[in-house]
């Protein structure tokens, strides 16, 4: 295979994952959190596909496709929740949605 | 024979269970009928056993029947076994017979009480327990019966549990009996250790082989139990208080049967006592002392039942005296006749109390001869039997005991004999004092409203229903004729029967018998004369105020025990509560709870409700997990 | 020449990926963040192509960028001003801890990669031209991974139902207002 080795792809994926994690942990808007979550999922996808190429087995790609489908479903529900929150007049602020406080 | 004995034992238990399980589905009267019928059925069983035994001879008359073995450890076995022999046959007949009459009497006496069913269930339980005690084939089972009768006594003394005096009296009886139970149990422990068996025929044979110290300790233990159960010095203070229970209870438990269990034990375990003669003589001495003490205190009591209670205490002193010198047959004989006339006295007193709507103070009684003619006759017969006037029952039995004391000779024999004679004088005095106060003289005013402890039932003015009259009548007949089972010089079927189990150590000669009787009857009549003279002149028998006060306080035994035992124990308990229980135990538990709460509160702060914190937690967890996976690889 | 080209394309795509990723988490306006994510997805598609995953690259662009992100943009547009929220906040401890956690994860991954660089990540396997084609992926889905296929479809069904439920609830709410 020409070009960078698999390791480089993995480093990109790791950096992307870390960025997404930071977004989830630091941002207060639920929309941004959802977007960051998508980043993390995509980083995982990249890792899967890289390893699929490494091992020459298509299982990784199949898994990545399934992840994409699940991510789509999750986004749909997540957005539905956010819209529901907005409709009820709740502030779209993750820190204020703390009813599960123990 | 054995089948009869088993039936006798189990019939009252079945009755008690039936009443308990039926609960409110049967009427109160039906509960009473169940109890009465099962008790009489038990008597039937006892009769069958007795007759079958009579048909046999010698050693065939004794049989040990084991239902199942509860505990077997090495060569030590103990379980549900009954011993059917002449002594237990006599006791079975007395317990179920007199018991049956008294339960029948209760049908009329307790009619109208709110908790009749509970009463009859307890009565059947008692009859079963007492039968278990007398039929027990090993000492452990005897102890079980011992404890059960104590329980039944507690339940029945405190039957009217809304009365604080009754509750206190029940507790007092139970605690004092517990002391006896403890010494009894300790004695049994020693026996198990040394003799390796508790089976009744066997363990008694072993008694000879035991060392002197051991057998003395065992005998002391058994004696302690007997003293408590039979209300003898020094564990006697509970019996007068036990009069808080209903009158039939006083008749059955605290006159005819339970309190005589101590005597039964002394006779049953006589080989042990014979191997420890000092203890046996101690028993006789305590019996004599109690006899006199109770007789003196009875002279100043105002409550009709208390007089009869002290009389019981005194008469049992006679039985202990007899057992202590080895006159086992006469001890049991007096037990039987005493059951007749004491039960009679109590039941007749019950009729009086009923008639006077609960009044028990003899100062407010009098002249009832006209109002209650049949009861008057019954009471008079009972009193005369108690005093030992011929030819009534008490005469034959009490004088036989005194004659045995005379026959045993020595310093002890003479002391006991004199005590017994003095006791006869006292008996005549207090018994007839009671009789005159209740039945003779001007009629006292009868207060119309019911009062006193026994006012709980429908006032039955007059002599009561048939269920009360017939038992009283039957007991009257028995008190009259019952003594004829042992006429000195003529025939001794009773003592021969008992001697098969317990060979008497002394046998008075016919001359001694008649001499003693003469002395005793004379003294009894002297007592009667003293009582009558005091009554006629309107004075009391005890005139010195110091003596009066001392006797009224029952020679200060209660106060002594209170100071010796109760106060220190209560103080100790209070101190322990203050110093140990509260600061250490309670506080530590509280702290444990508070600490857990604080810990929980601290941990709960992790639940901040912030999504981002949770995400952070997940990230950290992932970090750790990856570390673990990599390291494991 | 081919090697250089591949490296250049790779660098562009990787840079675009990381840059747009940073943009997603750091931009204030969610709309711009969503657009940044689209750019990220496109860069990722290029990377997938480089990894011989053609079908997945196409699916990424069609499904992810085409459908999911459009849905995102719709919602953001619908919410309008309500979607604004403070950039970040919360206890400073939390922020510091988040940075530390992310850094730690990153360090961990780098270490692991470093350890494996030499041997396991050395030579990628030889692949045929049909690697990553729709035919081969479809074959796998319908044979070895049939269960995953079915379960994924159930997940999508559940999401659809959930969406309808949330939507209906919204409808009822609007009426009661």
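A, B and C label the chains in the order they appear, each numbered from 1.
Here is the rule we go by: a contact is a pair of C-beta atoms (placed from the backbone, for glycine too) under 8 Å apart; a residue touches a chain by one contact, two chains touch by 3 or more.
These numbers were taken from a predicted model, which means no experiment stands behind them.
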Centroid comparison with chain C (C-alpha atoms), farthest chain: B
Pair with more cross-chain C-beta pairs in contact, given A-B and A-C: A-C
Distance between chain centroids, defined by C-alpha means - chain B, chain C (Å): 93
Centre-to-centre distance between chain B and chain A (centres being mean Cα positions), rounded to whole Å: 88
Length of the line joining the C-alpha centres of chain A and chain C, rounded to whole Å: 6
Where chain A touches two or more other chains, by residue: 21, 25-26, 28, 94-95
Chain B residues counted as touching two or more neighbouring chains: 610, 612, 616, 619
Numbers and ranges of chain C residues touching at least 2 other chains: 90, 94, 98, 101-102, 105, 109
For the chain C and chain A complex, residues of the former touching the latter: 2-3, 6-7, 9-10, 14, 17-18, 21-22, 24-25, 30, 33-34, 37, 40-41, 44, 47-48, 50-53, 55-56, 59-60, 63-64, 67-68, 71-72, 75-76, 78-79, 82-90, 94-95, 98-99, 101-103, 105-106, 109-110, 113, 116-117, 121-122, 124-127, 131-132, 136-137, 140-141, 144-145, 148-149, 152, 155-156, 158-160, 162-163, 166-167, 169-170, 173-174
Chain B - residues contacting chain C, complex: 610, 612-613, 616, 619-620, 622-623, 626-627, 630
Residue ranges of chain A touching chain B (in the complex, touch as defined): 21, 24-26, 28, 33, 94-95, 97-102
Complex contacts: residues of chain B adjacent to chain A: 604-612, 615-616, 619
Footprint of chain C on chain A - complex, ascending: 1-12, 14-23, 25-32, 34-36, 38-39, 42, 45-46, 49-50, 52-59, 61-66, 68-77, 79-84, 86-88, 91-95
